[in-house]
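Before we start, here is the structure in question, set down as C-alpha cells.
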Amino acid sequence: MQPEVIQSLLQIGPTHYLVLGATLFSLGVLGFLVRSNIIVLLMCIELMINGAGITFITFCRQLGSLEGQVFVLFAMVVAAVEIAVGLSIVVLVFRNRSTLDADKMEVLKW
Amino acid sequence: MVEGRQVFDLLWLVPAIPLFGAIFNCLLGARAGNLIVSIVGCGSIGLAFALSVCIFRAFLDLPPEDRMIEFCVFQWIAAGNFLAPIDLLLDPLSMAMITMVSGVSFLIHVYSVGYMEKDKCFARYFFYLNLFVFFMLTLVLAGNFLVLYIGWEGVGLCSYLLISFWYEKRTAAAAGLKAFVVTRFGDFFFALGIMLVFVQFGTIHFHSVFEDPAKVIDSRMAMWIALLIFAGAVGKSAQIPLHTWLPDAMEAPTPVSALIHAATMVTAGVYLVARCYPIFELSPVSLQIVGITGLLTAFISATVALVHTDIKRILAYSTVSQLGHMFLALGVGAPAAAVFHLLTHAFAKALLFLGSGAVIHALHDEMDIRNMGGLRQYIPATFYTFTIGALAMSGIPGLAGFFSKDAILHATFVNGGFLMWALIVITASMTGFYTFRIIFMAFFGEKRWDVHIHHPGTVMVIPLVLLALLAAVGGYMGVPHVLGGGDRISNFLAPNFGNPEVHATAEPSNKGVALAAEDETAVVESEEAAESEKVLEGVTAETLAEGEGHAPAGSPEMLLMLVSAVMAFSGVGLAYFFYVTPEGREVPAMLSDKFGAVYNILTNAWYFDKVYKAVFIDTYMLMSEFFWKAVDTAVIDHAVRGVAGSLLGGGSIISSLQLGLVRWYATVMVLGAIIIILYI
Amino acid sequence: MDVSNWPILSMLIFLPAVGAALIFFIPWRGDFLPKTLALLVGAANLWLSIVLFRSFDPTSADMQLVEKSAWIPELGASYYLGVDGLSLFMVMITTFMVPVAMLSSWDQEGRRQDLFYGFLLLLETGLIGIFLALDLLLFYAFWEVMLIPMYLLVGIWGGTNRRYATLKLIIYTMGGSLLMLVAILALYFFHHAQAGEYTFDITKLYETPVPPHALLPMGLAFFVAFAVKSPLFPFHTWLPDAHAESPMAGAVDITGLLIKTGAYAFLRFLLPLFPEFSTSYAPVVVTLALIANLYGAMLATVQDDLKRLIAYSSVSHVGLVILGIFVFNVQGIDGAVFMMVSIALCSGGLFMVVGMIHKRSGTKEISQLGGVWKDMPLLAGFFMFFTIASVGLPGLSNFVGEFLIFVGAFKVGVLYGVLATFVMVLTAVYLLWMFWRVMLEKAPVRARPWQDLSMVETITLTIPAIVVVVLGVYPKILLDRIEPSALKLVGQVKKEAAQMDYAAKENSIRLAKTERGESE
Amino acid sequence: MEIALPIVNLGTILPQLIVVTFAVAALLIDAFYRNVLSVFIVSFLGLLLALCAVYSQYGVAVPYEESMVAINGYTVFFNAIFILVAAATMFISLGYVDLTGVDGGKYYPLILLATLGMMLLVSSRDLLLMFLAIELLSVSSYVLVASQQERWVSNEAAIKYMLTGAFASAFLLFGIALVYGATGAIDFVTIGRKLSGGQALLHVQVGIAMMLVGLGFKVAMVPFHMWAPDVYEGAPTPISGFLSAGSKVAVFALLLRLFTDPFSVPHVDWVSALWWISVLSMTVGNVSALLQTNVKRMLAYSSIAHVGYMLVAVVVLGERAMEAALLYMAVYATTGLAAFGCVAYLSKGSEERVNMQDYTALAYSYPIQSAVLSVCLLSLAGIPLTAGFIGKFYLFGAAVNSGFIGLAIIGVLNSAVSLYYYLGLLLRMYAMPEGAAEVVMSHPMAGRLVLAVLGITILVLGVYPSPLLGVIKEVVAAIASPV
C-alpha cells in the first residue's frame, strides 16, 4: 500500500466523520432490530439521530454553510421531544402492562 | 246471401269464425254451460263450412284460368327485403281443402258433443278443437310460406294440446310431447326450406315463387329446397322415419284422432308437397325420394297394422300407410290422384275412427279388439257405417277408396314400374285384411266382454251416417275415363297441376323413379328420361287429339283395376278365413309361433321407438348432463372460484406477515430501504 | 296537455329516482302506501314512455328528442340524452316491465317492502339511463350504478344462498366493465389527439378511428364488459345463480331488463365505435353466440331448479340475440331488438308464473312438483301460454324475433342459419318437458289443494300476455321504428352491406306493391 | 460568513398563528378550568378563524423565495382541507370522547397542534421547516393515539406508532443530511437547481431513498405500511380518521411537491421504484383487506390501497396528474374521515363496534350512520356518481394519458377486487334483521349532522364535481410554473 494512502487514512478528514456518522446510524438501526426493551429501542433511535447529526456537522464544515448546524440544534430538540413523549407513553404502557418488552405487544396483528 | 265475386272478400272469415269460436270458448267457456259451448263450437265451424260452400259455388262459376284469388289481410313482418304479409290464396287446391276440412270438422264437432258430454273439461276441449280448425284453415289458405308456417305450427300445437288432453295420464303427457317434438324436428327443416326459398327467390310469396321457378334456380338448388320442404312434410304426415309419433297420438280423445290424426292435420304434409309441386317437378331426385319414402311407409306400416290388437293403433298405422300412398302418388307424378286420395281417405278414415270411438264408448273405453266381438247386434248403426268405411278404405270397387287408390296404382304402374306397383298392390290387400280383421273381431264372433253397453246417441250417429254417405259416393268426383267418368277432380285441379293427362302418362322424372326402383345407373336414367320426353310429347299430342275416353292405355288400366280389386277382396277373404271360419281360427296363432321373429318385429313396429330412444334421446340427455357437470360447473365456475380463492388465500398469507411485532416492522422497513437504495 | 316541449327523456330517468327518494326519506307507516306510491310512479313512467312513443318519428334514423347540456365541462363530459329506434323499445319495455314486476311481488312476504320497491325504482332509473345516454361517461355511470339496487334486491330479499350469488353477480359484472373504463379513457385521449377536444359524446367518438395496435385490446375490453352483462357463453355462469337466488321481481328484472343492457350496449357502442373490430372478429362472436344458443338449451334440459332452467333458457335466447346483432344485416338487427323486447315479456312471464307456484309450494325443484294443473287450471293456462310463446309459436312475439334472426344468419352463412334454427327443436324439448313435469300427470298427495291465481296475480299475468299476442300478430309497430336505425347501424358497420340492403328493400317494396296490385 | 435570515411576514402565517394561539389558549383553559366543553368551543373557534384567515389568503401569492412560509393556491387549498378535517374530527369526537374516557381537555388542543403541523408542512419551503412540521404532526398524533389511557389496544397502538415513527424520522433526518451534503442547501429551490445541474452522486441517491423511507412511513406506503393497520385499529376511531384523512394527505401533499420539482432529477430512477411501490401498495392493501373481520382494520388496509392509487399520480407527474392527485386527496380526505366517523358513531355504549358481525342489519337501527357509511364505501370502491369515482377516473385518466396503461389496468383490477369487501360490508348492513332490532344508542346530533354533511358532499362531488375541479385546475395552473 502506498505511503500517501496510509497518510490520508491516518489524516483525520471529513470522510472519517461521515463514516462515523453512518456507523452510528447503522448501529442504531441494528440495535433497534435486535433488542426488545423499549427503553433500549428509544436509545437506539437516539443513536441514529446523533449519527445524522454528525453527518450534518461534517457537511456544513465541508460546505461552510450554517444551515446544517441550525438543523442539528433543531434535531436535538426534536429528539428530546420525541424521547419525552415516548417515555410518557412507555410509562402509560408500563402502568397497564407492567412490562417493557416490545415483543409482548402483539395484541394488534394480522 | 252474398253473390258474385264479393263473396271472395269474405274469404278471411273462413278461418276467422272458428277463431272467434275458440276465443269465446277460451275466455267464457268455463262459465257458460256445455250447451252454449257446444253451440258456439259447432256453430262456428258450421258457419265456416257454409261460407266455404258458398265460396265454392262462386268459385265454380269462374272460368278455370282465373281460378286464382289472392287476398292480403295486412302486412305482418317486414324487415329489410324480408316481407311476410298475411295473405290468403284461393285456388282449386285450397278450395277443395277448405271445403273438406270445414265439412269434416263440422261433423266431428257434432260427434264430439255426444262423445265428450261426460267430460269436465268440455269447454277446454272445444277451445282446442276450434283453435285447431282455425290453424288448419289458415294453413290451407296461406298465400305465402310464412303464413302457411303459422298454420303448420299452430296445428302442431293443437295436436299437442289435444293428445295430452287427459293430462293426468302419464302416457298422454308423453305422447303429446313426443308428437310435438318429432314434428318440430320436421318443422326445423321446413323452416330452413323457407329461408332457402327466401334467399334464392328474394320473396316467400307463393305466386311469385311458383310462377316460374326454373327461371331462378337450377335443378340442384330445387332439390335442396324440395327435400327440406319434404322433410317438414315427413314430420307432419308421419312418414318414415318420423312416423313414430302418430300411433302414440292415439292417446287423444277419439274424435280428435279422427279429425287431426286421420282427416286433416296429418294430410297437411301431402298438401304442402302438392302446393310446392312446381319446385319438386324441377328435380327428379326429390320426386324419387318422395315416392320411395311413401312406398316404404305404406308397406311397413301396413305390415305393423296386421298384428296390432289395439283398435285405434291399427287405424293409426293404416293412416300412416294411406298417407304413404298419397306420397307415392306425388312421387310418381300424380298429384291430383294424391289429393283425390287425400279427400276420400279423409272421409273413410274419419268414419272409421268415429266408428271405433262409438265402439270404445260402448264398451267403456275398451280398446283391445281381442276383448270385443259380437257387437253387430248391439250397436247396428255403428256396425253398418263402420263396415262402409272399411269397404271404402280397403278399396272395394264402387266405393270412394277404390277410385282414388286405383288412380294411384295406375300412375305407379305407368311411371313407377312393376316393382313399385307390385309392392303397393300387396299393401292394398293388407289394407283389406287388417281393416276387416277389426270388423270380424269386433262385430262378429262371440262376445268377449261383459259390461252394460253405452248406446251412441243420435248426435254421434248422424255424423257417422253422413260420413258413411260421403265415403260411399265421394269417389264419384274422380271416376276415371275408362269407366266413362270425367275424372272431374283432376280437371278441377288442373290450374294447380296442369293437364291431368300429362301427369297420368309418362313424365321424365317419374320414369326416373321407375329406373331407380329397378336400380339402373343414373346415366341411363338421364338419357332414358330424355327420350321418354319425346315419347311424352307424342303421347300427349295423340291423347289430346283423340280427346276424352278410351285411350289405348285403357285396356291395361282396366286390367290393373281388376287386379287391385281382386287383391283387396283376397285380403278381406283372408281376414274372414282367419277370424270367422272355425277352421281358420287357429291359423294366426300358428303363424305367430312359426314366424316368431317376424312377428316380434311387427309387434314392436320394427323397433323404431327403441332405436330412437337409445340413439337420440339418451345420448342427448347424457351430453347435456356432461356439459352441465363438466363444462359449466367444473371448468368455468371453478375457474372463477379459483381466481377468487387465490385472492383470498393471498390475502390471508400477506396479512399473516403482519406479525404485530415492532421490531419486525422495523426490519421490513430497513429491508425495504435497502432494496430501494440498491434499486435507485 | 302539451307535452311537446317537455324534457321527456330526463323525466323518464328521474321520475323513478324521485319516487324512490320519497319512499326512502318519508317515514311511512306500514308497506301499503309506499308500495302504492311506487306503483303509481311506475305507471306514470309508463305513461311518459307512451308519450315518448307518440312523439317519436318512425321515419328518421337519427337521435330524437335530444337533450344536451354541459355536465363536467372540465372533462368534456356532457349530459347528453337521445332516443332512436334501437333504444325506444328498450325504454318502453323497461317502463312496462317494472310496474309488472311490482305487481308480481305485490303480496310477497318479507319485511321492509317499502325499501324493496324503492330499489326497484332506482333500478328503473339506472336502466333507462343506460338506454338513453349518448355520453360515454354518463352511460358508464348508469351502467355501474344500476347494479347497486340490483345487488341489494337480490342480496336482501333473495334466497338462502344469496350472499354467494350476489357477490358473484357484482364481481362478474363490475369486474367485467372496469376494464372498459380504461378503454373508454384510451378512446377519449385518442379522440383528443385527433380532434383536439376532450369529449365523451359518442356521436363524435364514432368518427374516431382507433389506431390498429390498440384496436384489439380496446375492442376486447368493451366486448368483455358487454358479454358478461349479456351474458354470452363463457361468461354466463353468474346468471343461473343470480336467478335462482333472486326474489321474483328481481328475477323478472334480471331476465327482462338487466341482461338486455348488454346486448343493447353491443348495438349502441361496440359496433359503431369499433366497426373494424366488430367485423373482423364477428366469426368468433358468432361462434360463441351459437354455442351459447345450443349449449344454454341443452343445459336447460337437465336442470331441476325451475329458475335455473329459465335462466339457462335466457342464456340460449341471448345467444340468439347476439347472433342477430353480429350478422350485420337488417333482418338480424331488427330481429335482435325485437327478440330482446320479446324475451323480457316471455321469460318474465314464465318467471312470474314460477314465482307464483313457488309461493304456494315453497319449492322450485321440478322433481317435487307435478300435477299442478289440477289445482290451478288458470295458472296452468298462463304457464302454457308463456311456454309456447318462448317455444316460438308463430303469432306470438318470440317467433317474429327468432325467425328474423334465423333469416339474418342464414343470409350470412348457411351453417349459421342451420345451427341457429336447430335451437327451435331443443327449445321445444326442454320447455315442454318442463311443462310436463311441473303441470301434467297426477299430483302427489297434498295437505290441501293450492289456491288458484288471485285477482292481482291474474292481472299481472294478463297484461304481458296481451302484449305478447299483440306484438306477435302486429310486429310492425316495432319493426317500422327499429328499421331506420338498424339500417343506419348496418351502414356504420359496413358500408357496402348497407347499400345492398337499401337496394334490396327498394325493389322488394316495389315487388310487394305490384303483388298487392294484383291481389286487390 | 453571513447568513441570510429568512424574512417572515406575520400576515403570511396568520392562519398558523391563529391555530397555535388558540391551541395554547385551550390548553390553558383546560389547565385552569378543566371544562371540556369550553375547550372544545375555543379550539373550534380557533379553527373557524383560521379558516377565515386562509380564505383571506385565497388568490394572494407569496413565493417561496420571499418567505419561509409561502402562500399559493396549493397551500391555501390544503390548509383549508386540513382545517375542515380537523373541525370535522372534533365534531365526530364529540360523543365519542366522553363515552370512551378520553381526556378531552388535551385532546382537542392536540388536534389543533397536529393541524398546525400539517399546515406548516404544505407551506414549508425548506427541509428544516418540513422536518419540524412533520415532527410536530407526528408527536402530537402519538399522543392522540395514546389518548385512551385505559384501553390497552390504544396504548399498544401508541407505543408501536411512536417507536416505528421515531425510527422512520431518524431515516428521514439522515436522508436530509445526505441531501444537504450533496447540495449544500436546505431550501427546495436551490436543491432542485443543484441536483438538476449536478452529476450522479451516491449520497444523493441514498439520501433521496432514505427520505422516501421517512415520508413513505408517514403515508403508509408498502413496505413501510405495517404500522398502519395496528395503529388505525388501536387508536380512537376519530383519530384513525384524522390520521388517514389528515396526516396522510399532508405528508402526501409534500411528497408530491418534492418529487415534482426538486427531486425530479434525470439520474435518479425513483419513478420505476415508485411504480412498484404503488402497485404493491394497491395490491397488498386490497388483498389483505379481503379477509378482515374488524372494520377499522379493513379501512386501514383500504387506506393503504388508496395510497397506492395516489402514488399513481406521483409516478405519472405532469399537470394532469397533479390535478388528479389534488382531487383524489380532497376526495379521500372526505371519504376516509366520514367512514371512520360513522364507525365511531356506531359505537354501542363505551366500547366500539368494530366486529363485522355486529354490522348485520344495522341500517334499520342507525339509518343516518349506515347511509353515510354506505356512501363512503361506494365512494371508496369507486362507484360512479360518488366522489370516489371521479377521483379514480381522473387519476387513471392521467395515467392512460401519459402511457402508463399497465398501471391503470392494475389499478382498475384492484378496485374490482376491493368491491368484494366494500360491498360485502354494505350488504351486511342492509341485511334483514333476524331477531328484534337492538336498542338504539343516541349519539350527539351535531356529529351526525356533520356526518350527513360529509356524505352529501361525497355524493354532490360525485354528481357535480365541476366547481371543485375548477378550483383545482386554478391551483395547479398557479403553481405549474416551476416553483
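Per-chain residue numbering starts at 1, and chain names A, B, C and D are given in the order in which the chains are listed.
Going forward, a residue touches a chain if its C-beta (ideal position, glycine included) is under 8 Å from a C-beta of that chain, and two chains touch if they have at least 3 such contacts.
Keep in mind it's a predicted model, so treat the numbers as computed, not measured.
Taking the mean of each chain's C-alpha atoms as its centre, the chain lying closest to the overall protein C-alpha centroid is C. Note on interfaces A-B and A-D: more C-beta pairs are in contact across A-D.
If you average the Cα atoms of subunit A and of subunit B, the two centres end up 101 Å apart. Here the spacing of subunit A and subunit D, counted between their Cα centres, is 28 Å. Between subunit C and subunit D the centroid-to-centroid distance comes to 44 Å (mean Cα coordinates, whole Å).
Centroids built from CA atoms put subunit C at 38 Å from subunit B.
Touching two or more other chains at once are residues 159-160, 163, 167, 171, 229-230, 420 of subunit D.
Shared interface positions of subunit A, defined as residues touching 2 or more other chains, are 32, 41, 102, 105, 107-109. Across the assembly, subunit C contributes residues 171 that each touch 2 or more other chains. Under the contact rule stated at the top, the pairs of chains that touch are A-B, A-D, B-C, B-D, C-D. Interface residues of subunit A, counted against subunit B in their complex, comprise 29, 32-36, 41, 102-103, 105-110. Taken together, the subunit C residues at the contact with subunit D in this complex read 71-75, 110-112, 115, 137, 140-145, 148, 151-152, 155-157, 163, 166-167, 170-171, 174-175, 178-179, 181-182, 185-186, 188-189.
Interface residues of subunit D facing subunit B in the complex, by the touch rule stated above, are 159-160, 163-164, 167-168, 171, 205-206, 208-210, 212-213, 217, 222-224, 226-227, 229-230, 268-270, 272-273, 284, 287-292, 301, 417, 420.
Within the complex, the subunit C residues that touch subunit B are 168, 171-172, 234, 237, 295, 298-299, 301-303, 329-331, 334-335, 371, 373-374, 384, 388, 393-395, 399-400, 403-404, 406-407, 410-411, 417-418, 421-422, 424-425, 428-429, 432-433, 436, 439-442, 473-476, 479-480, 483, 487, 501, 504-505, 507-509, 511-512, 515-516, 518-520.
Per the touch definition, subunit A reaches subunit D in the complex via residues 18, 21, 25, 28, 32, 38, 41-42, 45, 48-49, 51-53, 55-56, 58-60, 62-68, 70-71, 74-75, 78, 81-82, 85-86, 89-90, 92-93, 96-97, 102, 105, 107-109.
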